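Two complexes are shown next, each including chain A; its partner changes from chain B in the first to chain C in the second.
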Partner chain A sequence: MRTSTANIASAILTYGFVGLMAFLSVFPFIWMALGATNSSIDIIKGRLAPGEALATNIANFFTLVNVPLVFWNSAKVTIFATVLTLAVSSLAGYGFEIFRSRHRERLYRAMLLTLMIPFAALMIPLFIMMGKMGLINTHIAVVLPTIGSAFIVFYFRQSTKAFPSELRDAAKVDGLKEWQIFLYIYVPVMRSTYAAAFIIVFMTAWNNYLWPLIVLQSNETKTITLVISSLASAYYPDYGVVMVGTILATLPTLAVFFFMQRQFVQGMLGSVK
Partner chain B sequence: MSELQLSNVRKSYGGLEVIKGVDLDIKSGEFVVFVGPSGCGKSTLLRMIAGLEEITSGDLTIDDMLMNDVDPSKRGIAMVFQSYALYPHMTVRENMGFALRFAGVPKVEIEKRVMEAANILELGPLLDRKPKQLSGGQRQRVAIGRAIVRHPKIFLFDEPLSNLDAELRVHMRIEIARLHKQLAATIIYVTHDQVEAMTLADKIVVMRAGVVEQVGSPLDLYDDPANLFVAGFIGSPKMNFLKGVIETGDGEVYARLPDYADTKVPVALTHVAPGMPITVGIRPEHFKEQGSASLDLTIDMLEHLGGETFAYARHGNGELVVIETKNGRGLKSGDGIAARFDPACALLFDESGKRLR
Partner chain C sequence: MDIFARAHLSRIAALALASASFLAVTAAEAKEITIWCWDPNFNVAIMKEAGARYTKTHPDVTFNVVDFAKTDVEQKLQTGLASGTADALPDIVLIEDYGAQKYLQSFPGAFAALSGTVDYSGFAPYKVEVMTVDGQVYGMPFDSGVTGLYYRKDYLEQAGFKPEDMQSLTWDRFIEIGQQVEAKTGKKMIGLDPNDAGLVRIIMQSAGQWYFDKEGKANITGNPALKAAVETVGKIMSANIYKPANGWSDWVGTFTSGDVASVVTGVWITGTVKAQPDQAGKWGVAPIPALSIEGATHASNLGGSSWYVLESSAEKAEAIDFLNEIYGKDIDFYQKILQDRGAVGSLLAARSGAAYEAADPFFGGEKVWQNFSDWLAKVPSVNYGIFTNEADLAVTAQLPALTQGTPVDEALKAIDAEVAGHIQ
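Moving on, here comes the complex of A and B:
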């Protein structure tokens, strides 16, 4: 009897906690969706019911923002950053795990230590560097510093530990050079790892705000995060329009996650079974 | 078909030498098995032949061509791995043709060779499946097929049956033996399973701690081991080893077993001196009712296999002796037994473990 009461209490606590967490996760999305249908004043008043201003908000958003250009800018930056980060970091992770050298672990630890340096400490040197290279106000300046991601290198190295060494041996006997082993064997075998890394890097690049804010100065180069931010920080911000922009900005990352969530989970559990 | 020679081949990792000067000749068409306990260097030696491990010193030649620094794919070898090492993202057909594709072989030729190998190994219906859709035995056949299509001079097998269950292992062992006959290929095969070694090999290479202890045909190694290690390693249950000492008396030389008061083993050797400590080796099947020497023992445990019985018997000093008998059904644990053997079948080893001949 006592055990049964304890079980019920434990279940109530567990479900209560999980429910609260779920609510905290979902509420911003609900608020965003409801906000997009309300006028700015209703949002400020805290109205949490569907309104009738959706069409107006959408029309205003498309009037205020050159949507195709802004999305094109974001897409360009995100795609280049994602592809280059995956290419460079997976090569680095593979190299760190496969090739032995006396200095490997020291170098690897030094690389991991860079995770502890806050981006705020790098902003000014990076800005000066980009300025000297004549890259300020270009998308290259946004992409370049993101390519060598210590976390993604770490993730690929950990995943590569499960890559069977006998596959490399078999490929060598089959006549493949090291780069061919990487391209024709490693990449396809580790595709779940790539999928998971793709989602992480894509979301980071798409939502990147602080660095683009510093290096992108003209309206023609701005990405969606910068545009939404500028809408929200206007003298009289129209929160309904901001909500519409936020929903549109969220859609690509949601789509990527929903399409790739199976590979994401598989990648997190390990590509090689 | 091809000849392979290893001359004083060594392998070191830093200061640790793991292969300590191996000399070996493998003739065309031979089935050679490397056996030895875990860590003896047999797989390392195979990988050195394959080109997957560098040779620290010494020469490896295939058909009189020095191969030390030749790329694995250009040595004329094909290798079958313990874990099959099939490319998981490719179908069976693609796996088998992959090496040929990279060698620039025309598509028609690749298809022809893949079909040939598939016919030999009965893989036809599986060609469009991925490795994860195959059983362990099927995967191993694909791995062998992948080796066959390359028409290698030498096949290398690295414990290919270790991951299979007992029944499938027996089946695949027969398949490999059949394949050897059919292809008349030179095969180098690594295993720690002496049944595989005894049943498959033309020549067995017994290794211990990076050193070749003995090379010979399976029955030569069984009947005429060069030292205690080989005598103990080849044969299951292993040979019994009893401590003895050389003595002379009545004009004859014999080995007396001090723990077994009346047991004497005549020694027909001239280079032994009285008082010399030796080890007497007796295989379990050499205990016969009509033997002239005997050991007084007490049965500890019995294993009835139907056709024969293994009796694990102890002497008063705790020494365990294994006896194989055809008439063991009436025996019971705790029974006293006079285990008789023919002294002519006993093998003698000196204190260093070297065989006395």
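Moving on, here comes the complex of A and C:
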């Protein structure tokens, strides 16, 4: 009897806490979805019911914003950044773990230290570099500085510690070259790591704001984050339109997350075999 | 063989002709002026209109208006100027008046001086003061935030006040009226965001003073206008005739919802007031109340911004000529932007146009734009200095203490200490 009351009490606490957390994380999404259906004035007044302005908001968003171009820009930047970051940083993480050298740890620590420098401090020198290379207002300038990601290198090195060295030895015995081992053994085995890293890099690149803002100069090169920022900061922002934009901007990340989540689990199962 | 050669020849001729015309086009290549500003429905749209007008008479000049968020424009401008990468900057940029001195003084030589080209005597004097450094005037005055007292005629009538009673008020009288309005209608007199020092700034500038004196030195403890402004806001709070608002949208909601009887702010709010068709005919506009100190007036300003030409611009001459031709002279342009966008420019001559002459049925047939234009010319000139935003934060930090009985002089000392920390 006593245990069952204690059980009920703990269940109430657990579900109460979980419910509260779920509410805190889901509420902004609900608010965003409801906001997209209401007029700006209703949103300011705090209306929390579905409204009738969805079609108007969508139409206004599409007249204010060159949607295909903006999404194409965002997609281009994100895809290049993701593919290149994964390629370069996973190679680096693999190298750091597999190959021994006298300076390995010192170099690795120096690289990790760069994680502590805020981007705002690197911005102006980076901007001058891009200016000297004539890359201002190009998507190359947006992608380049993100490729060598210290965090992703760190992430791959940590995960490589779990990569069985027997596999590598066996591959060597079979006569595979170093690049073949990486490409045919390491990459498939580390699928789960790649999936998780993909999500992280994709989200960072898609949501990247400060650097594209600094380096992109024209309406033709702007990414979706910049467009939404400028919509939201008008003297009288049309919040309904901003909500439509935010929903559209969230969709790709959401899709990637759900899609990769399955990959992630499959990858985990695959690597056990 | 012969036929082949002939065909070949004609092809070459066509190619030569095509490249000749191509070269001709490049020779008359259009000059493009790039402009950065921040509100798609306001200054971006207005700049596109201005550009279209200029292109009509100067077909070789086209415009590329790029919109970023206001803070983004500032961030990009700061980075571009600090890095010295000239090709990263636009030809013309919009800067908020409160921040203008910061850019002009921090980056000497970065902006083109327009004295001698633009006839500044035609503009509201306080707008010109904002962009003057060492006697040189930079920039083209754009939108004004000349202030007015918007009031609900219906609520005030219920409380026994006619529009005549709302003219030439003092702030003490304003608070008395507010108390009677609340007693008779249950409505608060004004919406107030305790984290926004806008009202303090309005009252202070109406008496010709600012956080900084003409030399840019802090002017806080010995500033009678600031003292009176802080006292006035304190009185409004302790008389409890205000509806508290949390942030901009909430503050706008205090009057769009009909919860308060008046609004004291810049003319740019007119569009928002008029966006409530059910309130048509219920609003009136009067000059803002004045302080009872020396130099007090009924005219002030809140916000506003101006255009600046970058010295490094490759199209500098065209950019200056464009601003001067449209913003400096085109009265018809000012009618168009008032009608379409509710923008009140700073060119005083604009008042003679049809849009400024029109009576507004929303305000019961008052000629509100003529009134605003009168007040525009009377706004006292002050030096916004480099640290207006920092001083603002110091003021809002002290507002709650005032309502709890802290003496005003002590609050001013605290503000002074904080501002001094920034200037050093």
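In this text, the second predicted complex is superposed on the first by the 253 of 273 C-alpha atoms of A that agree within 3 Å, B and C clash if a C-alpha of one lies under 4 Å from a C-alpha of the other, contacts with A are read in each partner's own complex, and residues count from 1 in each chain.
Everything below uses one rule, namely that a residue touches a chain if its C-beta (ideal position, glycine included) is under 8 Å from a C-beta of that chain, and two chains touch if they have at least 3 such contacts.
If you're wondering where the values come from, they're calculated on a predicted model, not measured in any experiment.
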Fit or clash - chain C, chain B, common chain A: fit
Touching partner for A:28 - first (chain B), second (chain C), both, neither: neither
Touched partner set for A:234, first chain B, second chain C, both or neither: second
Partner chain(s) touched by A:64 [first = chain B, second = chain C, both, neither]: second
Spatial angle chain C-chain A-chain B, Cα centroids [nearest 10 degrees]: 160
Which of chain B and chain C A:50 touches, first, second, both or neither: neither
Partner touching more residues of chain A, whether chain B or chain C: C
Chain B versus chain C as contact partner of A:41, first or second or both or neither: second
Touched partner set for A:128, first chain B, second chain C, both or neither: second
Where chain B and chain C come nearest after superposition, their Cα distance in Å: 48
Intersection of the chain A residues that touch chain B with those that touch chain C: none
Residue ranges of chain A touching chain C (in the complex, touch as defined): 41, 44-45, 64, 123-124, 127-128, 131, 136-137, 210, 213-214, 217-219, 226, 229-236, 238
Contact set on chain C toward chain A in their complex: 34, 38-42, 64, 66-72, 75-76, 79-80, 82-85, 87-88, 90, 249-250, 252-253, 256-257, 268, 271-272, 275
Residues of chain A defined as touching chain B within the complex: 164, 166-167, 169-176, 180, 185, 188-189, 191, 272-273
Residue numbers on chain B that touch chain A, as the complex places them: 47, 50-52, 71-74, 77-79, 81-83, 85-89, 98-99, 102-103, 132, 146
